[in-house]
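Per-chain residue numbering starts at 1, and chain names A, B, C and D are given in the order in which the chains are listed.
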Amino acid sequence: MAKVFDATEVAKHNTPESCWVILYGKVYDVTDFLSEHPGGSRIILKLAGKDATEEYDPIHPPGILEENLKPEAMLGTVNPDTLPKVQAEPEASSDEKEGPPPMESLLNMDDIEQVATKNVSKKAWAYYYSASDDKVTKHFNTEVYRSILLRPRVFVDCTRCDLDTTLLGHNLGMPIYVSPAAMARLGHPAGEAGIAEACRSFGAMQIISNNASMTPEQIVKDAGPGQVFGWQIYVQIDRKKSEAMLARINKIKEIKFIVLTLDAPVPGKREDDERGNVVGASAPVPSATKAAESAEDETSRINQSAGGVGKQLFAGTDPSLTWKETLPWLATRTDLPIILKGLQTHEDAYIASLHTPQVKGIILSNHGGRALDTAPPAVHTLMEIRKFCPEVFDKLEVWVDGGIRRGTDVVKALCLGAKAVGIGRPALWGLGAGGVDGVKRTLQILADESKTCMRLLGVETVNQLGPQHINTRLLEQQIYDGPSGLESLRNIFRAKL
Amino acid sequence: MAKVFDATEVAKHNTPESCWVILYGKVYDVTDFLSEHPGGSRIILKLAGKDATEEYDPIHPPGILEENLKPEAMLGTVNPDTLPKVQAEPEASSDEKEGPPPMESLLNMDDIEQVATKNVSKKAWAYYYSASDDKVTKHFNTEVYRSILLRPRVFVDCTRCDLDTTLLGHNLGMPIYVSPAAMARLGHPAGEAGIAEACRSFGAMQIISNNASMTPEQIVKDAGPGQVFGWQIYVQIDRKKSEAMLARINKIKEIKFIVLTLDAPVPGKREDDERGNVVGASAPVPSATKAAESAEDETSRINQSAGGVGKQLFAGTDPSLTWKETLPWLATRTDLPIILKGLQTHEDAYIASLHTPQVKGIILSNHGGRALDTAPPAVHTLMEIRKFCPEVFDKLEVWVDGGIRRGTDVVKALCLGAKAVGIGRPALWGLGAGGVDGVKRTLQILADESKTCMRLLGVETVNQLGPQHINTRLLEQQIYDGPSGLESLRNIFRAKL
Amino acid sequence: MAKVFDATEVAKHNTPESCWVILYGKVYDVTDFLSEHPGGSRIILKLAGKDATEEYDPIHPPGILEENLKPEAMLGTVNPDTLPKVQAEPEASSDEKEGPPPMESLLNMDDIEQVATKNVSKKAWAYYYSASDDKVTKHFNTEVYRSILLRPRVFVDCTRCDLDTTLLGHNLGMPIYVSPAAMARLGHPAGEAGIAEACRSFGAMQIISNNASMTPEQIVKDAGPGQVFGWQIYVQIDRKKSEAMLARINKIKEIKFIVLTLDAPVPGKREDDERGNVVGASAPVPSATKAAESAEDETSRINQSAGGVGKQLFAGTDPSLTWKETLPWLATRTDLPIILKGLQTHEDAYIASLHTPQVKGIILSNHGGRALDTAPPAVHTLMEIRKFCPEVFDKLEVWVDGGIRRGTDVVKALCLGAKAVGIGRPALWGLGAGGVDGVKRTLQILADESKTCMRLLGVETVNQLGPQHINTRLLEQQIYDGPSGLESLRNIFRAKL
Amino acid sequence: MAKVFDATEVAKHNTPESCWVILYGKVYDVTDFLSEHPGGSRIILKLAGKDATEEYDPIHPPGILEENLKPEAMLGTVNPDTLPKVQAEPEASSDEKEGPPPMESLLNMDDIEQVATKNVSKKAWAYYYSASDDKVTKHFNTEVYRSILLRPRVFVDCTRCDLDTTLLGHNLGMPIYVSPAAMARLGHPAGEAGIAEACRSFGAMQIISNNASMTPEQIVKDAGPGQVFGWQIYVQIDRKKSEAMLARINKIKEIKFIVLTLDAPVPGKREDDERGNVVGASAPVPSATKAAESAEDETSRINQSAGGVGKQLFAGTDPSLTWKETLPWLATRTDLPIILKGLQTHEDAYIASLHTPQVKGIILSNHGGRALDTAPPAVHTLMEIRKFCPEVFDKLEVWVDGGIRRGTDVVKALCLGAKAVGIGRPALWGLGAGGVDGVKRTLQILADESKTCMRLLGVETVNQLGPQHINTRLLEQQIYDGPSGLESLRNIFRAKL
């Protein structure tokens, strides 16, 4: 029988030399694991000697604890009577009693975000809502769609209209997919598997985040026939870890492609997230933390402040990826098609197009405005490619994400040449608002709005959409017109090939 | 003598198998009529077993009940003492007591809208006010006029100035007409006939909505000599219904032309309207409704939410109209000139110009921002036509609507080539603010403002107005400059003709 | 000894057949004068039978009563005890007790307007503040200056800097003059003579309004040596009245030129003014008013509502002026140079330049945004002239007004070619804020700011200012680029000359 | 032993004929010094007969009193019991008790400004915060950076990234320096020496203001090895004073260059500063002040109002500097490199480039929006130079200041060709928020943000940054396009050389 500890006993082990934590009522000695924690030792030391369950649970896949610790690290259980009583947040109580409104009463993405904002914890809200610096890019992502006008054609039979499309050769029910957004269980216990369940109903594709709060196997478990998933990789400094993970992914037949995220080699500065996470920081930081810090590498010290959820997730991520080294390495580790995510210039889109056939597609993305503030929206990059190197569209599938809030936004992106449109926050807000039903409502609204839009444009299928359906005149005046790196790139690659 | 029912007895008949409703104190069995209701069965089933008068009355022409039901459907009367007591909305009471202010104290369209907003029911407000999605187009419709500057010429005798004009060969007192706005009796019992009475005083033209809350005959009943009406058709899936209606219209001599609306083959998403209509939705939906839903066709299920007045009106409308099929059909059913409403691109204006002589005019319109959000304002389309195919102005009369709030707006549209300018909401707000006098006040203000504007431009008659009187420089930078469908259209039609 | 009336006796004479009013304690029979009143009979009939002093006094030059009425019209005096007691406006009392702050504590035009807004009556505020329709032009007048950037040159000796300039050959202390703003005594008893006193201190020019609340003789009475005035004429329908007035003006040696206002042949729609004037309108309008109305000419009935101070002032103004008839007539009635005010297009500026030598200058003005809303600011017209017919600057002096709130605004207008800059509201707000001292403060601030601006631009005298000192790039993109009437004008005038 | 005075005795000496003040408990007779005071006699006379310590201390370098007054001017001490009791500002007390938050909780410049705003006196806030007129330029300085988009390049190894740079041949830790901002001790007793201490930690350069509240010697006292300072000169009308000061500066080895400020030959109109300084002005101004005023020169009377801290600092500054006279004079007085500050046009940048080798660099600056309102931001001038005379970048170092609030702003300026970026207010707010630690936090945040930005752009060192990393399309449409003075300048200088 496992030994039973008093909380005060556990509390003594709060140093790098002896670090215990309580998780799900059990006591673990994580001293040896400190240096291996992908999120860095600092975050564990903050919780050293305490019950870390509430912090740990929503951001770690179930079962991963057992995977990573040796059996003997489990020292015993804690006597629950000796733990301090947790106070419920009183302000939320009245709302919680009410429960969320019926999903069908939510008419648009704003409604859903509003309900989710009330439902989820402050920490979850801060992590989902946050974006870099002044959120200029986050807001521009949405506003830019408002500045594109539609050109409805009339007297066209619009009885039939469907959103069916094909991505990487797979048949899908809509050109809208769920972006690899991390930490779904922060918002709702259904987590990423709940998103998968909703996607199944619509034939929608889902990309699983490298930082999902469930394992890929858990997420795809109840996949429908023909349901399509991708898996997003953040390449680790410790390349072995990534290779192990890729080997595991290669075995999951529902996962059809690998997404390599490039737009966030280092974390952006998400101030809401950092502030949202300060709750725990009000407790005095044990001196252990400070000692440990000095041992961490420079990247993790880029900012001195506590750092939000976003920053913790970056620990261990390799900032040294390159076209020359990383792509060939990745190609040797998987036969799945590779999608490059986070391209923001026509030059990089062009380079990607030179890396077929390994690279099958690119995602124009600024990471939801979470990486570099005042980076351009995907729509800008679409227009840059159209202007400088339209041949890219012939060689690769071009997907976009960021700022989508209306079906008209989806349609506009498609008119500009995107094959698919990703939603990140809307899916998470949907989950936060109503679990699986909330994500379904999100997808339903966007699908309905997209079809209404296509009908009113006089269009039956997504591949009929083109630049003749939109007026981008205002936007054209904002598209990059400076020195293009294209010519020198063309020469370099011509010389190479 | 008719049988007298208790309300509780009626209440039992609330299923698709036996559906009774109370209207004007009488009890009707509408079970057989359910499938024929142009607004779909769902809306009736919501009121099944209840007194539906308040919902029914303002949106149905008087007498239409008798026209559509067999005599035996009238089962008897309801014992009024057994009906639940209706509570007056308390908030409105003080305002109601006061009554609306004298119409002459209202100085502009905003004043009138403000008074009407207080006067009319929430449902009416929501139906009139609402527009698609984020109302980007609705607001742009008005703002776009503010971005056009006027160029007043001075030292010109402006003693005389009049608004007289000719539309389709008819002499009219002003180039402002009332657009085919539905459901006038929602706002005021005077309804569309009240609008007609106001128009008579000004020699203004009126287009009768397909969804008017009075019959065309009722509306034109007190027409003055030379008063001009048009009639708007939404072609029904059941083409016979439309043909019967056209036959009836052909007999009304005051109706001089047919307006075929093209900009709304499927309903836009008017969220205010949907929310405004949710009042009744708070009552538990009888299971009958759900059963019935599954039988409805796809179009009516485009959005899962309750749907506002606007969506109900669309039921039965045919989304499959085409240049090739519908125009010839319509031409065989009426000899009246045909006006096509809802054109939003120069390409469609051009095609229309190839369909003379049946087509005598077009109305550039985005349906008051109620169809597709981020569609362009009529002013954009005017400028597109000027830029790509100005010959259209020689072949057709071009009318516009949407966003008119000032006499200067009217004048600017005329300067850009419009022959007439339609007002929808302003007429309805006028009606809501003060009945017939409110509509007169609306027309008076716009007429006065238009004349003041013309005088200050140094212009005596509307046909003197031209592009030299306005500065559209800012706007020109926003007009579509992408691929024009015009060349291929010219080739197609050249080949044909 | 004059007869003494009870107020109740006077009150009976409130019809067009017998119309008495009380003014300064005396009772007048104005029945015969009704039809001659330049402001129309309606406004008098509203006050028929009552004490009209408060309404009459601030808008009529002292002594004009005696000039216009026969001696026998003065029937006697009123017994003051029989008059109703006037209630002080309670809200204003605390402010009034305090009195206005010291003028030197007011740092800019906004400060001055704010103090004046508190000081003056609601009616005065409404008259001064109001502009047409939505006040788009009024606000644009000011904002347009913000969109012009300055280009300061450095390392230039800026010890000396003065604002001296020459207008029409007269030496003046600054290029800022007071525009012909009407009804100064509404704001402060010092009236237009107070403005003249302030101008004297600065060597600033003043244009006397046709609708001044003091006679020209009263205004120029204490003029300093070399002080320069202009006189503004609104040509009356009854041309004899204008001729008599011109004859009188010709005799006043301080008046050096005549300003003919062209931008307001009919009144704009100033809603604030109309609402501000409704105070009296809450009293029941005697039926007499209605009867009288039907006899008024069409122009004065353009709007049905009560009409503000602005509209009353327009009564009798001739809307039929033309280049061909009016200019020659005016030239025969005065030898003074003629300045044309209210030009808003390059075409009209060009025509004016063909009418030298009678016409010596033009004022680009939109009447402070009070005539036609969405008319262009004077800065636009300056730029239009520079673009289409810069030769105008060589033939005429070009002055501008409208929207000036900062010394930088003054300097920018001069850089664009204006010889002088007029201020209307700022002078009236100054008067309202602190009488003569308030106007001085206004002129002092603008002079100081203008000099600071010139010094920081590296400029010593106003005639050194040019387009190289400003960046109008943003604005250039808004300047009219449509069909210019210039070529046809050039042909017409070439043919003529 | 020094004589002890009662405050009432001192109070009698409040005229220009006998002017005493109390400073640090001592009584001084400053009658003879009145005419020599660089800030003018007026400001002293306001405090004549009173304890001036609170006003005097934070804006004068310690020890300067003894330097400027003869020993016999110290008459004795004041009996402290006879001085009026000073009341603490009650509102600030609660905040003061709390003390400022930990610096690491401040995440950006706005946070720091907010805390500083609470911490510092109203007078200090007003002096730091204020800018000219309507603060259009101050706000534009920051907004202009938001309108430049970044162009992140991906798949680039961004492990290494540093901010090291070289300015005027000196190695520095970052391209961010502290601008010559005056009166640091107003905000915090650590003053300019505190800023120096913070700069030392980061290898950041500091320019010492001519109006520093500490002597240059005091400021550089604890400089680290290799720490670099510049010294800013405002040339005095009394050139001897400036020569003496330069001689003194030449001896301070840490000072490596002289900055000659050109953008403020006369003070701008900083209304917040003027209002902020009115606190003392509420006391009755002794008649002495008025008498003294009439003797002052015109420049100091440019505005009649009290004038803020900013205006006082200008007293004695020579507005007559010229390329021809001043530069050669300065070159004879120092061998240090000369940097010209305040250039705002490409023409002046070009002229500066013709004055090598004395002139080694220029600072594009509008004085933080404190000189001429609606002057262009430094970014405009950078782009003007790029457009008209890019050769300037080869001949001189171009630095910029104004509006920097984010690391992305720093990076954007560098991309446009700036070698270094100055911060003025951010350093002062940092000092006000937390003394030395506050300035360190300011520099830390900007350094961290700059590095994150560079990494996400795919750039390792500052000299890799170029126009290919930014999209300035929107901005290009605002850059001056009028007549360039360049051609005539080229001719003039060609002729000369």
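Criterion: a contact is a pair of C-beta atoms (placed from the backbone, for glycine too) under 8 Å apart; a residue touches a chain by one contact, two chains touch by 3 or more.
Predicted, not measured: the structure shown is a model, and the values here were computed from it.
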item	value
Proportion of interface numbers common to chain B and chain C (over half same, under half different)	different
Rounded Å distance between chain B and chain D, as computed from the means of their C-alpha atoms	64
Chain C and chain D, separation of their C-alpha mean positions in angstrom	45
Residues of chain C engaged with two or more neighbouring chains	477
Graph class of chain-chain contacts, one of line, ring, star, complete, other	ring
Touch relationships between chains, expressed as pairs	A-B, A-D, B-C, C-D
For the chain D and chain A complex, residues of the former touching the latter	104-105, 107-108, 145-146, 148-159, 406, 408, 444, 448-449, 451-453, 455-457, 467-468, 470-474, 476-477
Touching residues (chain side chain A, partner chain D) in the complex	133-134, 136, 262-269, 271, 274-275, 278, 299, 302-305, 319-323, 326, 340, 342-345, 347-348, 351, 366, 371-376, 380, 477-483, 485
